[in-house]
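Quick heads-up: structures coming right below.
You will see two complexes here that share chain A, one where it goes with chain B and one where it goes with chain C.
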Partner chain A sequence: MLRFIVRRLLIAIPLLVAASFLCFALTTAMGDPLGDWKLQRPRTEAEIAAAYQRIGYDKPVLERYVNWAGGFVVGDWKTTVTPGNGTVDVREEVTRAVWVTARLVVGAEIVALLLGMMVGVVGAVRQYSRFDYAATGVAFALFAMPLFCLAVLLKFGGIELNNWLEGLGFGRWIVTAGPPAEGFSGGLFERLYAYSGAYILPTLCLVAIQFAVYSRFQRASMLDTLNADYVRTARAKGLSPARVIFRHAYRNALIPVITVFALNLGVVISGAVITETVFGWRGLGQLIVDAILKKEPWLIQGVMMSTAIFIVLFNLIADVLYARLDPRIRYD
Partner chain B sequence: MRRTRATALAALGMAASVVLAGCGGGGSGPAAPAPAPSTQNFDPGTVGKIDEPYNRPQVTDIGDVAVTVDEGFQDYNNNTGAANSLANTYVLPLLQPSPYFVDENLVLRIDRDYMESVTVTSTDPQVIEWKWRPDAVWSDGQPIGCKDMYLLWLAANATAKDGDAQIFDSTPTGYDRVSGISCSPDGKTVTTTFGQPYADYRGLFSVAGQAGSQLLPAHILEQRTGIPDITKIDPKVDNEQLRAAGTFFTTGWNGFDAAVALSGGPYLIESSTRNDTTVLVRNERWWANPGGPARITISAVTDSQANVQKLLNKEAQVIAPQAESAIAEQIRAQGGEFTVFARGGQTYEHIDFQMTNPLFRDNPELRKAVASCVNRQDLVDKLIKSVDPAAVPLGNFVFQPNETGFEDHYAGVGTGDAATAKTLLEGAGWTLGPDGVYAKNGQRASFRLGFKLVDRRAQTAQLVAASCKPAGIEVIADPAEDFNDRRLPAGDFDAALFAWVGSPIKSSLVPNYISKAAGGTANYNNYSNPKFDEVLLASNGEIDFGKRTQLFNDADKIMAEDLHSIPLFQLPDFAAADRTIGPVSYLGFGGGPLWNAFAWQKGQ
Partner chain C sequence: MTDVLTPGVTDPAAAEPGAFAGTAARRQWRTIADRFLRHRAAMAGLVLFALLLVFAFLGPVIWTAGLDAGGEAKVPPSAAHPFGTDRIGHDMLASIISGTRYSLQIALVVAGVSTALGVVLGALAGYLGGWVDQAVSRMIDLILVIPQLVVVAVLARNSFSVVPGQTSSNWLTVALILALTASWLPIARTIRGMVLSLREKEFVEAALASGASTSRIVFRHILPNTIDVIIVNATITIAQAVLLESALSFIGLGVKRPDASLGLIINENKNELVTLPWLFWFPFVLIVLISLSVNFIGDGLRDAFDPRQKRVRTKAAR
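And now, the complex of A and B:
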């Protein structure tokens, strides 16, 4: 297994180099980072030349790539450079944003996974029951609903709930946009109240969408295993239904779901763009949107490379989990 | 509201009417009322006279207020090229001192909470005396005064470079005309002598000025760099002290650090998360009337719909999202619970003809015909009125309709009059071809209208093409994502649809319109008229406000006659608020929705 992991990590190096070059090419093709700045008001030629020098765009493209890549591998991800964006350290900014996104999505993904697995298993075991039909209907409805639409509905529900709570004298609990303020102080109950109010809507939103995915995967996978010969054999041997389901069927049915979960987590940690935008969380998703809108080259590179690293890493985790779940899989 | 020239002149002739900025302009219901006209001053160019004064009003404590803006505060020093951004200007006017205050009519008034006077003591050479109030101090108790002004002048005029880049990363506009600054022994009286006359001296050291005009606590720079006296540094001498000052100037005030980011205004920053949430509280050292809100929490929310939901959920009392029709209509539909402010802002759209293109250079009648067939009112009705019901077509390139000095020079232009357009073309020898497009000497009345790919501009181009087709003029939309980046500065277009950002500091528009030979670095359509150049350049050196206003209007009239550019409309400034708080409005120059936050009251 160790050899497998090392081999995969070594393979990831040329993959990341290729990804970085592709990202750099796209970032360069995006246009002139100073284009809008030059239009804000008249600039002298010297002023424009100085600005290009400051952001490093006075050098050839390949030289810029080499400079950036050399810095990136030793931890110098450069700073923001476009006028009006200050000189923010890209690595710090990406780390901050990853933390914001992780706080938002990890919990939601785990809740969605557990809920999805539970509903999927029950739906498969009681196939074509009322519960199964209801779960399937809800999952398809959530699949069909655009995330931003669900978010808006949840927010208006939250506002109505707040109005009702306020009418009862409890104050306004639900927050429609933004994470809890940094450095918030107060008693345990006050913290719980503030944090739950800020987390509940985006978490519900993410859970609803991801739950639909996981429940469908789990149900399909579980149906496959329940109809497999070895499960029939287990039943014929007289094992209890619970033992058949959880010991023999469920464990094998987990493989595709865990794969989807691991890959999905890599994607959402790289930025739940719509959720973050609609709920005003300035995580990785919002950061990449901002960076693209401002044509901030090194910030885009930083976010894209982080995304590439997450994807590679979570792919690896998924492969390792295969082996843990299915003893037949050997990598050595 | 469109105002005639007579009205404007009458307004200019009025005695200075003191319209407290904090007490007017809060729009309510579907549309904010147009602000009452105000005058700059009777004759500030006269030696010894001073401008109209401004004092912050006395208000009561209204507790905490939450505000959302589209982009969050980033850097305390907004004077460097790297940091300068609109988002910083939402916050900084509430804590950085400024000799002048911009009111809702874009009039620069002496801020009497800071200044005893700003006086022209000589016109040849131009000498301005700035007297700071003795009680004006930074939040650490150190005086606000000469050193702070000197630092900005030094930063703008330092000649030392790193490579091609000036070490203070600052622009010299205006400050390069100041030949020297002298300080009184107590640092409270500052005398600036100008090498060349500079009419926009009010924009220097001021929140109303361009990049490089926000005063910073120079004594902090002295403490951090070990420079004993900043005023002893010569900007033309490249030495260790100058470079140390440059390094601190460009790096020491980046982001927010409470130890160096002092306040000299009614509020100070209690905490700030870059581009996210900034909390302002009252500055205990503030000497004038304290602000209404005890604490202002400013959050960045980029999604317009999320802004509205924060307002509806009472998480925010004031919001300033992008001015979008759906957003404006949604808030107005809530009934009387919220107020909406929408008014033409400083950014204005226009169509420029490429004057080096023989089609437009040699055929003024074609320019006039296009200007005739374009239906500006229709554009305003379809693209702007849903946000700003009071919007009208733009009538002047120098002054906005809500500005003192505005005259409408384009009343008969852009009326969607296809018949007049045809008459103009036929009168100049154009004949209608079988394809329905006029032609003359092998040239067809057909051109490509270039613009950056933005929905509003695509719709504008579509409407222009539709209204000019009956006039036998073919307008082909030519959108490009990189239009503003590459093609516009290169002059690579037949006609261009884009926006300029106006300013109360009128010298800033000179390079947009003056001929390239005379310094028109942003004159992308290569307009050139010696008479126009002469008048516009004269305005730059005319410090008499009334005469200068007249010169600007004369210059604009020449442009209206030449019709090298068709003014379309202003993009609206937009803000909304809970009805219980006000007056809330929006000022693009210095503060956005927060420009008068100190004057907010409850139960307006």
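And now, the complex of A and C:
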């Protein structure tokens, strides 16, 4: 297993190198990062030349790539390029944003996976029951639902709820402006109150979308295994229904779902872009949108490369899990 | 979902000359059509989608009020303005007709281009193998390493345009970006996998022995066996493209006026949900209707093509 992991990590290196080319090409194709800055007011020749020199844009394209990639490997991810006192270090900014997004996404993904697995299994075991039809209907509705509309609706639902709570003499519980501040402290109850108010809507939003995917996958894979010969054999042996369902059918039905879960990271990040934009979380999603709107090449490349690294890692985890869950697969 | 066409994989090109085989092929299609026509949800989806097309493309002929500002602003839905007017006095019905048209145009272009590209690249990779396969597969791996929405968003911020004289936010440029960067990957991978197994079949050997060219083998002998997967994938791509484009326009990186799609209209009105609710609800309902109807059609097609499966298996539509 260890040899397999090492080999897979070695294969990932050329992929990440290619990804760095792609990121660089994409941001280079965006054009002059200082275009807007130059238009703000008249600048002197010297001022412009100094600005380009400061961000390394006076060099040829290839040299710029080598500079950036070399720095990236040793942890120097450069800074934002727009002149002024708002310059931030890309690596610090990305690290901060990754944590914000992780806090939001990890919980939501776990809830969505557990809920999806439960609903999927019950839907498969009781196929064509009222529960199954209801679950299918909900999943269909969620598939057709644009995530950002759901987010906007939830946000305004939260505001209505706040108004209602206030009318009853409580405070405004739901927060739609990001997580509690860094230095937030208080009693246990106050903390619960603040964190639940901030997390509930974005989490609900992400759960709704991912739940539809997981429940459908789980239902389909569970149906496959329930109709398999070895499950019929297990039933014929006289095993209890619970044992047949959980030990024989469910264990095997888990494999595709876990794989989807691990391979889903790209979709999750895309979802975070929308959710964070609507609910004002300053995480990876909002960072990349801001960076693109402001044409910040190093920042865009930093975010893209870190998501690429995460996705490669998760693909590896998916493979390892696959091997753990399916004893037929041997990697070494 | 291989071997779907009853009674199993056949060589479509071989069936052409004989009248007997030709009837069999026709009967096969009739069975599929029958199954599709009996699928209630799919038929509902088809009717709905047809109505949406009429609404979007014939709407301007019937509803001639026009978009022009100058009317009274913020009027709730009424006889004069069935969908109300927006903050600057645009008629919302006219605005939504054109928004639906742009959303559908983008989705159809994305589905067409990405299906064609994905099928050709997937088939070539699967059939030729070797460096072609390596190149296509590695390219797919590479694009999958970066989240779809991010790649598309960065590209959409570029200054190029496929339509001369317009900015990069015109609908055709956005559609092509979506098609060429993201939407062709799933279909290419599926087709590659199917072709890998189909090329080992005897009828391919027979075609090779009789001297058929590579393109004839790929396009006349192998690909017709994947037609079910291609059609189902193309419909799903329409639904995905509508959602992806609207998400992109919602974060401000998709189309810009005058090519306002439904996503952009929602973006412009997202803060008026309580005060001017009709500005949000109408475009929202239209997006959901488009993607719901296309999903239903896709599911009906999948069932119709697949004799083994009575109920529907829904793949990730996002």
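The definition used in the following text is that the second predicted complex is superposed on the first by the 324 of 332 C-alpha atoms of A that agree within 3 Å, B and C clash if a C-alpha of one lies under 4 Å from a C-alpha of the other, contacts with A are read in each partner's own complex, and residues count from 1 in each chain.
By our rule, a residue touches a chain if its C-beta (ideal position, glycine included) is under 8 Å from a C-beta of that chain, and two chains touch if they have at least 3 such contacts.
Remember, it's a predicted structure, so these values are computed and weren't measured experimentally.
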item: Touched partner set for A:176, first chain B, second chain C, both or neither; value: first
item: Which of chain B and chain C A:165 touches, first, second, both or neither; value: neither
item: Touching partner for A:277 - first (chain B), second (chain C), both, neither; value: both
item: Partner chain(s) touched by A:308 [first = chain B, second = chain C, both, neither]; value: second
item: First (chain B), second (chain C), both or neither touched by A:38; value: first
item: Contacts of A:220 with chain B and chain C, given as first, second, both or neither; value: second
item: Which of chain B and chain C A:46 touches, first, second, both or neither; value: first
item: Which superposed partner A:152 touches (first chain B, second chain C, both, neither); value: both
item: Which superposed partner A:323 touches (first chain B, second chain C, both, neither); value: neither
item: Chain C-contacting residues of chain A that also contact chain B; value: 31, 152, 156, 159, 277, 289
item: Chain A contact footprint on chain C (complex, rising order); value: 138, 141-151, 153-155, 157-160, 239, 243, 246-247, 250-253, 263, 266, 270, 273-274, 280, 284, 287-288, 291-292, 295, 311, 313-318
item: Chain B residues touching chain A - in the complex, by the definition given at the top; value: 68, 74-75, 81-87, 161, 163-166, 169, 171, 210, 251, 254-255, 271, 273-277, 297, 299-303, 305-307, 309-310, 312-315, 481-482, 484-486, 488-489, 498, 501, 503, 508, 510-512, 520-522
item: Complex contacts: residues of chain A adjacent to chain C; value: 15-16, 18-19, 22-23, 26-27, 29-31, 127-128, 136, 139-141, 143-149, 152-153, 156, 159-160, 209, 213, 216-217, 220, 260, 266-267, 269-270, 273-274, 277, 288-289, 292-293, 295, 300, 303-304, 307-308, 311-312
item: Residues of chain A that touch chain B when the two form their complex; value: 31-32, 35-36, 38-47, 49-51, 53-54, 58, 81, 83-88, 152, 155-156, 158-159, 162, 172, 174-178, 181-183, 277-280, 282, 286, 289-290
